[in-house]
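Letters are used for the chains, namely A, B, C and D, taken in the order the chains are written, and counting of residues starts over at 1 for each.
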Amino acid sequence: MSDLFRVENLSKSFGGLAVSREISLSMGAGERLALIGPNGAGKTTFVNLVTGQIKPSAGRVVLNGEDVTGLGAVRRVRKGLVRTFQVTRLFSELTPEEHVTLTLLQREGKASRIFSRFRGNSAVADEAHDILGALGLHEVARRKVGQIAYGQQRLLEIAIALALKPKVLLLDEPAAGVPSADTPRIEQALERLPPSLAVLMIEHDMDLVFRFAKRVVVLAAGEIIFEGLPSEVAADPKVREAYLGNYANARSVA
Amino acid sequence: MTAGKRILGAAVGALLMSSVSAYAETIKVGIIGPFSGPFALQGKNFQAGVEAYMALNGKSVKGHDIEVIYRDLPAANPAQSRALAQELVVKEKVQYLGGVYFTPDAMAITPLLAQANTPLVIFNAATSAIMNTSPLVVRTSFTTAQTTHPLGKIAFDEGVKKAITVVSDYGPGVDAENAFKKAFEAAGGQVTESIRMPMNTTDFSPIMQRVRDSGATGLFTFLPSGPPTLGFVKAFNETGLKQAGIKFYAPGDLTQESDLPALGAAAEGLKTSFHYAVSHDSPENKKFVEAATKAIGGADQLSFPSVGAYDGMHVIYKMIEATDGKQDAKKAVDAVKGLSWTSPRGPVRIEADTRHITQNIYLREVAKGADGKYINKEIQTFADQKDPGMPTQ
Amino acid sequence: MQTILSIAIDALAFGMVLFIICIGLSLTMGLMRVVNLAHGAFAMIAGYIASYAARDLGLGYAVAIFLAIIGTIIISIPLERFLYRRIYGSPELTQVLMTIGITFCVIGITNYFFGPTLKTIPLPQALSQPVDVGFRTIAAHRLFVIACGAVVAGGLWYLIERTSFGIKLRATVDNAAMSDALGVRTQVVYAISFAIAIGLAALGGVVGAEFLPIEPYYALRYMVTFLVVVSVGGAGSIPGAVIACLLLGFIDTTGRYLMPEFGNFFFYAAVILIVCLFPRGFLGRAQ
Amino acid sequence: MQMTAQAGTVSAAPRAKRLWWRDVVGIALIAACGAAGYWLFPDNLALLTRIVAVALLVLSIDLIVGYCGVATLGQAALFGAGAYAAGIACVNGVTEPMTLIAIGAVAGAVAGLVMGAIMLRAHGLAQLVLSIAIVQLFHEAANKASAYTGGSDGLAGLMVSPLFGIFEFDLWGKTAYLMGLALLLLVFIALKFVVASPFGMLCRGIKQDPLRIRAMGAFVFPVLLKMFVISGAVAGMGGALAAISTQVVGLDSVSFELSANALVMLVLGGLGTLYGALIGTVIFMGFEHMVSAINPFHWMTMVGALLIAVVIAAPGGLSSLFERFSASRGGKA
């Protein structure tokens, strides 16, 4: 298979409630895919399933031809399956530079070294500088994250993810909560993502989705109801129902 | 090397000078005890004993004024004990150390004594082995083996052939268990079962169930004084063991006078052996109880540690008398070897070889006194008891 | 069989004492998110009040219990107002520091005023005699404690599940900001919950005095036990606390019967096992 | 653009440098305080030595609580392991003090490994309870094994040979104090490097958000376990120092009370700076010693009042006062 990344029949239920039902999709290298759906459709659950934060009830996750379903979240990251978080999860007392440096050291397998200085590795320092610079974060690189703007924090989430040199990147609403004045910065960052990287983006902002994605998947009530070109999505009756119809109704299908 | 020796010499010289200059000045006595925390009551009794002695015998010896310095050691903590002793000796320049409630605390002080040129008079800590750790230790309290020993014969004579022992699982408890077993088996009885229960036991009914199941007709027990004794005695009554006629024996820690109001009727009839009862009938004791009650502030708080402290002060006064204010630990200790006097508890003597106190052990029974309050009523005297845990050479 | 029954009833009584004292702590920790290490201090204060009322003033047992509960709550009001309110929402360790400080103060003050001796609360005749329950005799007081525990458990369950106050309380716990917006006066809810928790500690301190005698060091001596019981049950859960108290009471009692010399090993090994199996306690709420 | 807040570059380069200087000054200050203690209180060296030993324990708790966010009320298990290991070794003929310290460190590290392996299975309150249960089990074990530990009577008769064959552990306690102070300084410097290493940064990250650390591709458990081992070694050295200087090891060294007291000292001083651990220990023990000497009977109220006052005045611990002070000065400048 030439697919870089594949999800097969991924299902998850809590108790009797199915939150993900037989989701299958695949992505090739360099692909830009958007995953959209109404609130409660199970998008974040899907990301959690794929990245191993929660265990699926059934189904497989395949990366580079290797079944990673049995692996924990950490091992999947090390294989190149990386995510960002919908609500930023950053260390408010640390600086962006420290975040990225720590991530780089981890990638190099040097993060749990005791007998070395955190800033002692010049190759890492240079790379951190480059990553932060590419995302326009060099000016705030040494300020505590708790003191920088939210948009910058979102960029830092992406910077951390990129520092891991991922093969597949899952962006969980990268522009959520960012003031509209700052969204162009995020968008710019998204455009500059490495071309070979497969990116799956969850997003509510349809303008962003249309500009970014070449393919769109719509999730409703834990199920894929549409897969196709961005231009077709608005016309699809199922999608219209899921968004515009009584969505409580759509949920009770379960 | 020589420089080191010279410094050492200078230090010794300085020490000698400081002890010379202490002559005819106030003589300080450092008392270490549990004055706060869970054993605060015992510490208060130390203080009451000391103050009673000084009230009755004056605050000076041969013209030397005596000043007592108290230091609080709330629970067994050898490191703190050593630090306090060191401070008392080095900083406060005390010539005599006294007090000490727990064995490990005493063990931490004894290695210092020779260098400090200071005797330690133990008011309580009741393990035999302490006396071996330094020739400068004198003890005026008791050992658990000493107070327990007579019970073996008493129990057997009262018709108990099979007994069970139940003790708290710590040093003194184990000492008591061994002492009773030895004495009881020597008398011809048989200890069928020995139970050691954790120190923090609060509910004793399951233990009583074990006692009942064992079929023994006598129960020997040892618990540290304080809250557990209350639960133990109540459980003994409530589970019907008392009614079943099982005989109860314990050293007097269990029915210490300050616990009697709380134990109340539950304790009535319990037989314990000990070296001192507050109710002991003698003119010396009457005077002591009066003074000590005044010092402690309430008659119902007074119990055995006070008499250990009172006699401890007597020993220290005798030491001061013998050394005439000069700091000479060896001479001081030698002066009280073989010393005998009449204590509030009865006739006592410091053995020359063990430096431990030889005294009467009394069999007592909890009964209502003349004023309606419960007391330990002495019913039998075992005169001149040495510490059986101590091999006399 | 007789032995088993006998052990079981002892375990039940001991477990119920733990329950009455600990459930208040469980409420403060689970519902108000305050690690109140001074909980035992309040139980002790109640014990002193009851002892004073019953022994020195000669009042009846029921009156003494009532006075103790009311008195302890009254004492707790200024403490809540001036000290506890500062630590609502603080990090747990700050709460630990504050409440240990309060405990030290309470110990020091009681020691100063009441002295270090044991205080008893005289039982009425009816409760102090042994009762024959067929297979053995048991102190009537133990049966009384078991009954008290059952009443407390039932009453709390009713209060929390079936009354409007219970609804407000649960709502406040789930989401204080939301409840505030919905018109629930959360400060009042907190104050009442705190009072209830203290009242329960007081009740437990008094009726449990036969097991855990009243003395100044009470507040620290049993702190660990209380903390362990609450955590094993899951903070904030009434049924969890009941299960934990009965189970730990049972383990403790049987352990001490079967092999007293290893009673503590038994107890704490069981605690480790339970905590590893149920990391949130038996019925704790998910964080 | 509003995002590119200005002044971001101002603190960039000097910040790291300033931190480095701050540590050098801090360590010099600790050494100076230690020396001052030696000259000012030459008659209280045993107390000062005890403070040093407990300071090591409190530092070890800071590593776990302050840097990893793992709450523990059982750290004395590690302290006691070191104390008893050194004590038993000493009674059996290993009397060289530096060797004893090393033995204490190893025993503490092993105990830390065991304790960490158990405690890290749970979180929050449950974790706290596990730590209590473990220290109680250690305590019980030490009580039971009285043939080796002396049980409740204490392990007595430690005859420690002179340090470097010259300096005796005597009544005045100069050797013990100076050795303890040197040990504390070395450990403190080493720990400053540890917390400034990538590993230390990883721990701080785990403390704030373990999930985030996992999403960065780092395992949490082995990192925390490693910190437990380091912490155990530090606590074990403290225990060994206490054993050497006291020449008796008591059950109190593996007690819940010691654990709880040490945690209180840490919170009093402030978490996660290492300085706070030292400040808290010195203030708490110094204050306790002072008030208990003034009134041996009712000092506990005063200590309680101190704790309450600190929570009210400096909820972040005493060391946060210094930070607030230096921050306000920096603001003025």
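The criterion applied here is as follows: contacts are C-beta pairs under 8 Å (C-beta built on N, C-alpha and C of every residue); 3 or more make two chains touch, one makes a residue touch a chain.
Predicted, not measured: the structure shown is a model, and the values here were computed from it.
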item: Contacts common to chain C and chain D (chain labels); value: B
item: Chain B to chain C, fewest steps along touching chains; value: 1
item: Identity of the most central chain, Cα criterion; value: D
item: Separation of mean Cα positions, chain D and chain B [Å, integer]; value: 36
item: Separation of mean Cα positions, chain B and chain A [Å, integer]; value: 73
item: Distance from the mean Cα position of chain C to that of chain A, given in whole angstrom; value: 48
item: Distance from chain D to chain A - Cα centre to Cα centre, in angstrom; value: 41
item: Residue numbers of chain D (touch at least two other chains); value: 140, 144, 297-300
item: Multi-chain contact residues (two or more partners), chain C; value: 108, 111, 261, 264
item: Where chain B touches two or more other chains, by residue; value: 36-37, 40, 44, 169, 198
item: Those chain pairs that satisfy the touch definition; value: A-D, B-C, B-D, C-D
item: Residue ranges of chain D in contact with chain A within the complex; value: 1-5, 8-9, 11-12, 15-16, 193-194, 196-202, 204-205, 208-209, 211-212, 214-219, 222-223, 226, 230
item: Residue numbers on chain D that touch chain B, as the complex places them; value: 42-47, 49-50, 53, 140, 143-144, 146, 150-154, 156-157, 166, 170-173, 242, 245-253, 257, 292-293, 296-300
item: Chain C residues within the chain D interface of the complex; value: 29, 83, 86-87, 90, 92-94, 96-98, 100-109, 111-112, 224, 227-228, 230-232, 235, 261, 264-265, 268-269, 271-272, 275-276, 278-281, 287
item: Chain C-touching residues of chain B, taken from the complex the two chains share; value: 36-38, 40-41, 44, 169, 195-198, 200-203, 205-207, 209-210, 213, 226-227, 230-231, 234, 237-240, 243, 258-259, 261-262, 264, 297-298, 300-301
item: Chain C residues within the chain B interface of the complex; value: 3, 6-7, 10, 14, 108, 111, 115-120, 122, 130, 136-139, 142, 210-213, 215-217, 220-222, 252-254, 256-257, 260-261, 263-264
